[in-house]
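One chain, subunit A, appears in both complexes that follow, with subunit B as partner in the first and subunit C in the second.
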Partner chain A sequence: MKRIAIVAIAALATGPAFAADPGVTDTEIRIGDVNIMTGAASFIGRAVSVGSKIAAAEINDAGGVNGRMIKIITEDDGYVPSRSFQALSKLIEVDEIFALNGTSGTANVLAMMPLIEENNLPTIVSTAPNELVYDPVRPSVFTLGASYSDAFYAQLKYINDNVDIENPVYGLIRQDDDFGVAVEHGYNRAVEEFGVEDAARIRFKKGTSNFSAEVAQLDRAGVNVLANGGIISGAANILSEARKLGMDIQSAQVWSEDMPPSVNLAAQAGYDYYVADYVALTGEANDAFLETAREYVSEDEIEAINRYTYVTYAALHAMAEAMSRCGEELTRDCTIENLRQLEDFPVGGIMAPISFNNENQLSGTAVSVYQLDADTQTFTRLTEFVDY
Partner chain B sequence: MDFFLLLISTGLVIGASYGLIAMGFALVYKATGVVNFAHGELVMLTAYIAFSLTQIFGLSFIPLMLVTIPISMVLGLTLERIFIRPMLGEPVFSIVMVTIGLAVILRGVTIMIWGPDPHNLTAGVTRDVIRVFGIPFYAAQLMSIAALAICTTLGWAFLRFSRIGISMRAVASHETAALLVGISVSRTHAMAWALSSGLAAVAGVLFAMNFKLAPDLWFQGLKSFPAVILGGLDSILGAAFAGVIIGLIENLSQGYIGQGLREISGFIVIIIVLMVRPYGLFGDRDIERV
Partner chain C sequence: MRTGHFKESTGQLIALTDNPTTKAWVAALVVALLAAPLLLGAYELGLLVTVLIAVVGGVGLNLLTGTTGLISLGQAGFLAVGAYGNAVLMVDYGWPVWLSLPAGGVISALISLLVGIPSLRLKGLYLAITTLAFSFIVSHIILYAEPITRGPNGIFVSGAEIFGFNVQKGPPLYFLTLFVSVAVVLLALNLQRSRLGRAWLAIRDHDIAARAMGIDLTRYKLLAFMISSFIVGLAGGLISLQIRFINIDVFGLILSIEALAIIILGGLGSIAGAILGAIFLTLLPEVIRIAFNLVLEPGSSFYSTYVYEIRGVVYGFVIVAFLRFKPDGLIGLWRDSKKFWSNWPLAY
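On to the complex of A and B.
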């Protein structure tokens, strides 16, 4: 008996420290993904899920993370914060995940934050680059993506610098929520810096369909440069009303408007609008990514690919790189430390190289400006990735 | 172009959508005494059915409506038979709860079948701008206004002159008395659901043509509900008229005052009207002898 006890104590004393962290075996690393798989916003969740799947398959094909295969476990939250908390609880308690790479929307990730912090869960937030997520900084949380403020500033700066408009009159239409405030922040910065006429600022409630009165107000104010803070159907309906009134506008839009379903709706109005995004929408990197994707996912999943796919794909590669640098002794502490040291990690050009070695543990803040050709429904890249 | 006339014209367009949806609510309430909280979802579902019909058969607007309306009526009849008929005689509250459950089911089924992506629904209708007395409209916007006028006229004629319409009014007025004179209450209820679903199809298709087809279209049911209250829950024509009033008030308040007043202006009017006429502008005053 005494001998067994000594052997047991010796085994515990000499056992690998990483054995204390769940989600890692000799052959597998379990990564959680809490996502919007049902409901009206599930096109985001599907895209995110496909991004993780492609990255995991690619990493596993190349031998995994020091021989361990990545396994993604997805839980649906339906975009409901309370369900996000439940989903992550299940991932931690039942599935025993090691890290998290898929965190739904801003309110959702904030709902999960206590669990993330309590479990010291290495987490990359790739679909909600909101200031509330990275300020104050949480030690195990890393954020990927630019702010809406920078995205709108970038577009308005491009228009101001490159588009010849006689007597530019700026106007803003935005949601009356945190997202809208971020859009207005970028607009403020632009109109103050450029010294242009700021003729109209209009707020609307999320879910509004009818923008006829709002667009009539913009038209009456003579707006010809519009910061259009509408999303998907909303953005398209704003442009549709503008077209009806014969408005000649340069329209800066939210990056959701570069996704195929949004383009399909909004292009009908005929405006060659702008978007700024922190992922590549066109070019060699994009083509190469799609080629890789075809190796690993079905045609249906290819159809689901949009900008969120690229970000999550890049995020999982960054996570894998950090885990890989830990060697055999993979722990959460080590992964977090390596993520914190990540600098200029290349992700195939689908977004700017990732660097989390800054006080906010924030990367991907550089955006490119693109312009839509409404006839062909394709985008042209106007600038490289630039930090604003 | 005159800013005021522009706000009026577009107010009429959204008001027509509210009116068409509100008529469906009022029709079921008038005949059955139940508020169908799944009506917004029926509007959405029938619009998606129409979308599939245009995708598969390439139907233009008139043939599309000729096919979609009967399909929607059969759908309404089916839902009534499966979910509502077994509840006959149960407390109204229980039936209302069933309609709420039905709403959630229909929302889920719609996304399961058609997915979450939004779509354009044009049904072959031109996107050119048409000027009426100098005021710009899309063709689909004019069609919404016309559809409300047609449905209101047909609704009035149906309730006034048709045998089924009169039996519907009899059931609404006094169910037991209607039974005693040989009117089939269950058949009247079923007919109300069918007609209401037919109206939902008209409303859904036209709304999607004007404001895109997306899985949040069901929300227009809730947005139209103030029109039902304002018009009087049991007044089908009142609901149509109130829809237009709400649309105009929303647009004028947003246009002249702005900053999101659109969302609350309709409710302010309702509160004021209901304080003066608790049964709505056109509803029947319910008198009980005690």
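On to the complex of A and C.
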């Protein structure tokens, strides 16, 4: 009897302390997704949701994570930070999710951050790679994606190195928010490094739709290389105004401008603009991805696919890899530790391999530069994935 | 059946109610509210906190728009001022939350003078547009006053403690919000029955007649702005405690619209209406979500493609239908049902 007691105590003292975290059963792992499913930006949320769905279906088809099937639970936040907070509360308290993959915009993920930290929730932020998210680093938060600053620098560098412009005059137009600050940071780096003429810097209020005065200022300053910090309809309206004034410009844009709805709007101005993105927009990897997607989702969902689908797909695969390395005894601590050790994890070429083993727990920082053909509305890849 | 209602002393006149049934219901409500943390899960309690914050904001706006007749579309601005006031004083200056929260309200009240004074000659849509413009000015100031507000980066709000309890989550946050909302409701109920409240009602019904009766329009309109903004500022402070992160995106124009919807759906000019409107508007999306989840499989292709937008349409449709069939708002529905009950079986 005494021997049994000693063995039992020893086992308790030396054995792994496995305590099941919420969201894990013998057969299922619940992963949360807070996203923009309604409103003007809902095409982003839908794309994210489809990415998670394809990845989950693919993983489940291959036997799940050590036999456990992944279940995605999506909540809409309508792009309103207070609703993101409420949606994550619901996912944690009611649905008892294990981890989070899908975190809406920057302000939204920041609004959710206290809950994420409090619950030690393994989280991959794949749609808001803002410095505010990864600096200071939060132990359970991993970020996927390049900075807007690097994306703009990469495009301006490509233009500077490869496009023959007589008397280049640089100009910037950007939003008056955290995104705009990041864009200006990349622009600063470019104009200082290239020693080019920096003729105009214009700020506009988020939500502005009429840019006639702002673009007229750019025209008057003689700008012919533009860092266009507008988003979707904003970017399209800026290009449209430039076309009205007959400006001959090379325009660098944010990666939201490579999504089909944005291209439909912006291409009408007829500029073969540039984007830099940390996901592949064209090539074999994309074709293979679409083939996989057709196995798992409906035609309506295929229509919703864009760059955000790829990055969320990659993020869920990275999360699943970290969870699978925990074996049977899946805990949040173990998942976080494995995410932290992830190095060169391949994601089928739709973005650079994922490595979170750095001090910011940040990956996917390498970007490729692409150029639009406005007539065919297709992109040509100009550079490989490069860290700037 | 009651045949009359007589008040025979000053005490009876100033009592909020002398009806034993009302007192019993209020007592039951108080007990239920106090017991809520024991009965509800963390998420439901969080929803209740959101409802209570909406009650505070709704009652504040109701004093300005429902009672005084001054339409405001600047509530998001006042909420933002209260929230930033609380956050900056607490996080950067180390003020205790019991001081920073009301101080946020006071800052909001003082800033309301900036809108109130130039708006004295305006009413109706003109005033609504002026207050809307104020909201834009506030968002610009918050974005550009980076040394104070951290600009677009926002502020993480932490360290709010009262008697050693962290009042940013769970039951302590609930009880703080409950305390503030009960205090605000009592304040509003008493203000409405005071000289001040009667002056506001007179201004709402006919400002020229009110002036002819000797009511100082400047003073009373400014007081309405200040008191309403103080209360709305408190609601903003509570939002900053609940969400624990604020930036300008938290205080979008939609908040001003929702605040107006709360008091119109509840019943303009009624405190009980503002409370009912806050409950209705906050919980309606939850009810719709639960109803849809009962009928449809959330993971299905149809759900992820269409249902989120359909839910939004249903939300709007319910509000439109409600206003079409019950233009007096929820308080009208409540009065009708009371009348039906009192007159039964002769009700029609």
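Keep this in mind: the second predicted complex is superposed on the first by the 368 of 388 C-alpha atoms of A that agree within 3 Å, B and C clash if a C-alpha of one lies under 4 Å from a C-alpha of the other, contacts with A are read in each partner's own complex, and residues count from 1 in each chain.
By definition in this document, a residue touches a chain if its C-beta (ideal position, glycine included) is under 8 Å from a C-beta of that chain, and two chains touch if they have at least 3 such contacts.
It should be emphasised that the depicted structure is a prediction, and the values quoted were computed from it without experimental measurement.
Engineer: Determine, under the contact definition given at the top, whether A:321 touches first (subunit B), second (subunit C), both, or neither.
Structural biologist: It touches nothing on subunit B or subunit C.
Engineer: Who contacts more of subunit A, subunit B or subunit C?
Structural biologist: Between subunit B and subunit C, C touches the greater number of residues in subunit A.
Engineer: If we overlay the two complexes on their shared chain A, which of subunit B and subunit C does A:176 touch? Say first, second, both or neither.
Structural biologist: Both: A:176 reaches subunit B and subunit C.
Engineer: Regarding the shared-chain residue A:277, is it in contact with subunit B (first), subunit C (second), both, or neither?
Structural biologist: Neither: A:277 stays clear of subunit B and subunit C.
Engineer: Touch test for A:257: subunit B only (first), subunit C only (second), both, or neither?
Structural biologist: After superposing on A, A:257 lies clear of both subunit B and subunit C.
Engineer: Determine, under the contact definition given at the top, whether A:58 touches first (subunit B), second (subunit C), both, or neither.
Structural biologist: Touch partners of A:58: none, neither subunit B nor subunit C.
Engineer: A:42 in the overlay: touching subunit B, subunit C, both, or neither? Say first, second, both or neither.
Structural biologist: both
Engineer: Can A:71 be said to touch subunit B (first), subunit C (second), both, or neither?
Structural biologist: In the superposition, A:71 contacts subunit C only.
Engineer: Between subunit B and subunit C, whom does A:232 touch in the aligned arrangement: first, second, both, or neither?
Structural biologist: Only subunit B; A:232 stays clear of subunit C.
Engineer: Between subunit B and subunit C, whom does A:205 touch in the aligned arrangement: first, second, both, or neither?
Structural biologist: Once the two structures are laid over each other on A, A:205 reaches both partners.
Engineer: Take the contacts of subunit A with subunit B and those with subunit C, and give the residues found in both.
Structural biologist: 38, 42, 176, 205
Engineer: State the interface residues of subunit B toward subunit A in the complex, per the touch definition above.
Structural biologist: Residue positions touching the partner: 3, 6-7, 10-11, 13-14, 108, 111, 115-120, 127, 129, 136-138, 207, 211-212, 214-216, 219-220, 250-252, 254-255, 258-260, 262-263.
Engineer: Applying the document's contact rule, which stretches of subunit C touch subunit A when the two form their complex?
Structural biologist: Interface residues on subunit C, with respect to subunit A: 41-43, 46-47, 50, 140, 143-144, 151-154, 156, 158, 168-169, 239, 242-245, 247-250, 252, 254, 298-299, 301, 304-305, 308-309, 311-312.
Engineer: Can you name the residues of subunit A that touch subunit C in the complex?
Structural biologist: 37-38, 42, 45-46, 49-50, 53, 71-74, 76, 78, 80-82, 85-86, 89-90, 92-94, 105, 107-108, 110-111, 113-114, 118, 132, 176-181, 205, 297-298, 300-301, 304
Engineer: Under the touch definition given earlier, write down the residues of subunit A that touch subunit B in their complex.
Structural biologist: By the definition above, subunit A touches subunit B via 38-43, 176, 202-205, 207-210, 212-214, 216-217, 220, 232-233, 236-237, 240-241, 243-246, 261-262, 264-265, 268.
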